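Presented sequentially are two complexes of chain A, the first with chain B as partner and the second with chain C.
Moving on, here comes the complex of A and B:
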């Protein structure tokens, strides 16, 4: 009886110690989450309904005034209209990049000649700082390419970023060109998880690589593909299209994206500008959340069945 | 979580049309990537006068006569001019930028890896209801995109008095959310209870079991995640630009250099030299840990 009592008191002590350990080690991360996630987002929500008063140095409630400004600006301000166009255009091209990355991953999965080298090269832009890549790319397309063109054709050529007709295309090309790395790794990682016996069986049945890719590989890694396509939807509202790397705060209005607009405004505005940006963020979140969920649902529904 | 992929290499003679097309595209891609990088390296080894007449070619003369002095000049004269209430108007040189980069990247990477690791361990091993809540919070915050809350974050860090401080930035980074929490969670769930139970029988406490018994088992994954974060923070300049304006990092410096027009470094060869200097450490790290980085990452997990 005494032994049982001792055992039970030992268990209680251990449970109490476990609970203390649990609380002590979770206290800081949970507090951090409460302040920097819940607090920040809740504050952002409140900020959207306020305005800064210079005379008192405080934020006052202004109701939906900031939202009215946001919607007015969407209708009348050129760079916001351009942001819609460019962000959607970028989404379209990054989605195409996703599919290209899928094929590249397939080549690496099949361990074709040079696949190790190609894997490294596709990942290299993720290792080198974006600002360094952009500085090199910028001078390359502004100086080296026009020089080569002039040498070959004898005609003068404007730099691809200086020329208004080519600058948007050049920047989108840059984003796609440097955007394969992570997706390639994830896709080839997912492909390497496919059982070899499935692929070997298909091969014995005479499946060509095209058939193997579309009938076996793609359906089996479809959940990974969906994840990337869904993440890219959120990118519509956050992707800066590397504009800050290319132009700092001085990009042309016709190049703006939402991500660039929000970042540069925070960089350049003082605290009086924060409520407007918070309202803009709230409006964009209100679009982004349902859009993400809808696209996720649609992709899961229309995907290939295994 | 071993890699099950064991397919043989595909030989040139056995490649179908699809793989041939992909080979050609990947070859062109590799060339398109190497060309500008090589051009950047060669340009960094030219004088400005030489660059004016020789934009594309390799530097003239023997390699030992190339403008290696550009790198020395950049190291001696590369600075960022900052103005802050605390420091006044000062120039930050490359040594200090390197120190800031190390503090920002190493410190940030360590904290940003340690916190998800600890929280994942606790929530995976302790079956309290709150553990389930934390797991759900991570999933929900990953699925739902919140846009444009940086203004609010900026206001908050200013009010908390941690704006423009390195330790404040570490606190900002001490969050457990994101993919790597799930990576650690899955790993801890996969570790059998026997390891910890044996230690409990020997009288070990919870902290001892976590730090001395379980964490050494996941050091490989911890290292990989920290390396990924380190590279990301080393290259990041937009966060320091917003939250640490008085602590310019090397990437921040390159950004400033790429925009400046008021010093001797405002030439293409000098800018390229600064870019090459910035990239060297990270390329060396990549070369050393390439296999670990490239083979250890997969969606929702890090392979052992």
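Moving on, here comes the complex of A and C:
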């Protein structure tokens, strides 16, 4: 009896010490989370209903005035309509790239000729600094391609970024290309986790590589695919399309995405503009959250069952 | 093992916090025997040499003074942080270690409204040197700087002009000046260097601008003469920062419309005076330089009809000038997104040396400071030929065509797009000693002799009224003297006003001055539209905004 008591009080002491350790260990990140996530977002939420007064230096409550302006702007301001178009276009192309990355990953998983080289080369843009990559890419599309074109055809050619007609396509290509490596790495990682015996059994049953991909590999890594697709939906309104790296705050309106619009506005707008941006953020969240949940539910429902 | 791991984790956590310590960018070692004053300088167009010069003299002058009573510290050490990257704005000032700032793009009213700046009315109004800094300001500066709280919180730092710099040596060698005698058999250009030159944009003979184009028509005659007869590329500009092309538009607009009209973009009140706006175009006008003749109407501007300012005549001529330049590929050096302003400056400097001359550079008046490295390289590469180069500032004409006299000459106005100010950080307000020292240093920087010295070193004028001595002028280049002439003869319009509509929507209004929608395509930069098939007229028409849009955009103000 005595022994049990001692044991239980010993356990309690140990538990208490552990609890203190965990509390101390977690205090800093939790505090940081409370201030920089909960506090900031709560403040942004309130800000959407306020307006800044220069003479007093204070914010006043204005009800839904900022929201009214956001909805008015959605209807009348052309670059916001462009932002919707570009954000959706970017989503479409990154989603298509996801599927392309799946096939590439499968090729790497199957250890096809040159797969290691492809893996390294395609992952390279993710290792090199984004600004360096943008500069290299700029020189490539603004100098190298026009130079080669002129050498071949003898005709002058405008750089792909200087030309308004090719600008958007070029930047979307850049985003897909630089995002390709991460997806490929994740997919090939997920594929390598598949038990060899499953694949061997399929082979013994006479499955071709195509059949193997669609009937074995894809269903088994489907949760990873869903994760990527859902994350991309959630990022529709935050993806900047690397525009800041390309143009700073001076990108032309025809390239705007919502992510870029919000980011540059924060950088270029004065304090009286913040409430409007907070209202727009809330409106976009109101669209993005249900959309993300619906897409996740649909993908989980329609996907292959193992 | 667990203990070791805990200690390691704890240490790691400490290191992560240590990593948060900011590197303030002050390179000088702290001298514990002196009091430190931390000064931030935006190391852009005017560089930092001028500040090091003042630092040396200030430290020497106050080397025996104690700024921290109760300690044995004597003298002061000016700790300079100079860079272009850590430009401090808004609330970041509050936590910034720097106490005095010389910087650009200052949202003055915003900072004042948030009590981020220290009040400096005492040093602005002090006239112990015989003339107060306040009296060196224009009336507009005095009114606008005190608009929000009735007190001064900043001093104008430097005036930067934006437009065209030209290669004086090239112009002299090739005779690219207009002659006083138009019918001289050489398309109106001088035949020999001794020929009398035309009066230039100011309509007065024997001034620095003699022989330069006095009308936009002459400007394009010059471009054509350069391109077709002399094999000179008239212009070069950066393709990376396309907004530089706006400098041409803004300069033509300002010189055509004059300071009073340009100011309206910030005041929205013409105080009963009439302003010219365009209501339409006669597209088949025939002989107009730009293909379409504007139909002009005069209106009085008030905040309620401020949207009409988008239709100012000068704005159209600014756009039309850029369009005409971009329409002829012989008029500008080929550019793309990889050509930075520094590349353009270097190409401009080297062009004459490499016998592929370029006549004019689109840039800010301070470009020579930014290009100091390129000048040095050109001397290394070309020796004596590259030394003592002469450049000048070309005032863009504000008259479309015809004979220019003193009466109808360009209106000599410029827009301050640099918004450069000097101020003291409001976060030292509680430290009496620091406040005293910061104010002493700031007022020292603005002593008459230091205003002069600043211009002598940087070639840029402070945004105040003062004289230069002949000694100062002797130490300045021709180019710097041409900038000083601008300061003396041009009225600078600053992006400040007492208008509540402007204050409440300052950046929105400033960012959208030249936005337009053409064929359902929105543009933020005229260059992007005008380099294609869009005409200046279409772009101008696309800038128009309706009364409803105006009221909706600035609802907060109209409901107030």
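Criterion: the second predicted complex is superposed on the first by the 294 of 306 C-alpha atoms of A that agree within 3 Å, B and C clash if a C-alpha of one lies under 4 Å from a C-alpha of the other, contacts with A are read in each partner's own complex, and residues count from 1 in each chain.
Quick note on the criterion: a contact is a pair of C-beta atoms (placed from the backbone, for glycine too) under 8 Å apart; a residue touches a chain by one contact, two chains touch by 3 or more.
Note that the structure is predicted; figures quoted are calculated from it, not measured.
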Handout entry: chain C versus chain B on the shared chain A, clash or fit after superposition
Key = clash
Exercise for the section: Answer with first, second, both or neither: which of chain B and chain C does A:32 touch in the superposed model? Expected result: first
Practice task
Determine, for the superposed model, which of the two partners chain B and chain C contacts more residues of chain A.
Solution key: B
Exercise for the section: Tell me which partner A:185 touches in the superposition: chain B (first), chain C (second), both or neither. Expected result: first
Practice task
For A:139, decide between first (touching chain B), second (touching chain C), both and neither.
Solution key: both
Problem - Which of chain B and chain C A:82 touches, first, second, both or neither - result: second
Practice task
Return first, second, both or neither, reflecting whether A:166 touches chain B, chain C, both chains, or no partner chain.
Solution key: neither
Practice task
Applying the touch criterion given at the start, work out whether A:95 contacts chain B, chain C, both or neither, answering first, second, both or neither.
Solution key: neither
Practice task
With the two complexes superposed on chain A, say which partner A:21 touches: chain B (first), chain C (second), both, or neither.
Solution key: both
Fill in the blank from the handout: Residues on chain A touched by both chain B and chain C 21, 25, 28, 138-139, 143, 271, 273
Exercise for the section: State the interface residues of chain A toward chain C in the complex, per the touch definition above. Expected result: 21, 25, 28, 51-52, 54-55, 57, 62, 65, 68-69, 72, 76-79, 82, 138-139, 142-143, 146, 158-159, 161-162, 164, 250, 252-254, 268-273
Exercise for the section: Using the touch definition up top, name the residues of chain C that touch chain A in the complex. Expected result: 6, 9, 13, 90, 107, 109-110, 113-115, 148, 239, 241-243, 336-338, 500, 503-508, 511, 515, 517, 520-525, 528, 532, 549, 552, 555-556, 559
Problem - Complex interface listing, chain A residues touching chain B - result: 14, 17-18, 21-22, 25-26, 28-30, 32-33, 35-37, 39-41, 43-44, 47, 103-104, 106-107, 109-114, 117-132, 134-140, 143-144, 147-148, 177, 185-186, 189-196, 199, 208-210, 213, 224, 227, 230, 233-234, 237-238, 244-245, 248, 258, 262-263, 266-267, 271, 273-275, 277-278, 280-282, 284-285, 288-289, 292-293, 296
Practice task
Give every residue of chain B touching chain A within the complex, in rising order.
Solution key: 3-12, 15-19, 22-23, 25-27, 29-30, 32-37, 39-40, 43, 55-56, 115, 118-119, 122, 126, 128, 130, 134, 137, 141, 143-156, 158, 160, 171-172, 174-177, 200, 205-207, 210, 231, 234-235, 237-238, 241-242, 251, 254-255, 258-259, 268, 271-272, 275, 278-279, 282-283, 286, 290, 294, 297-299, 303
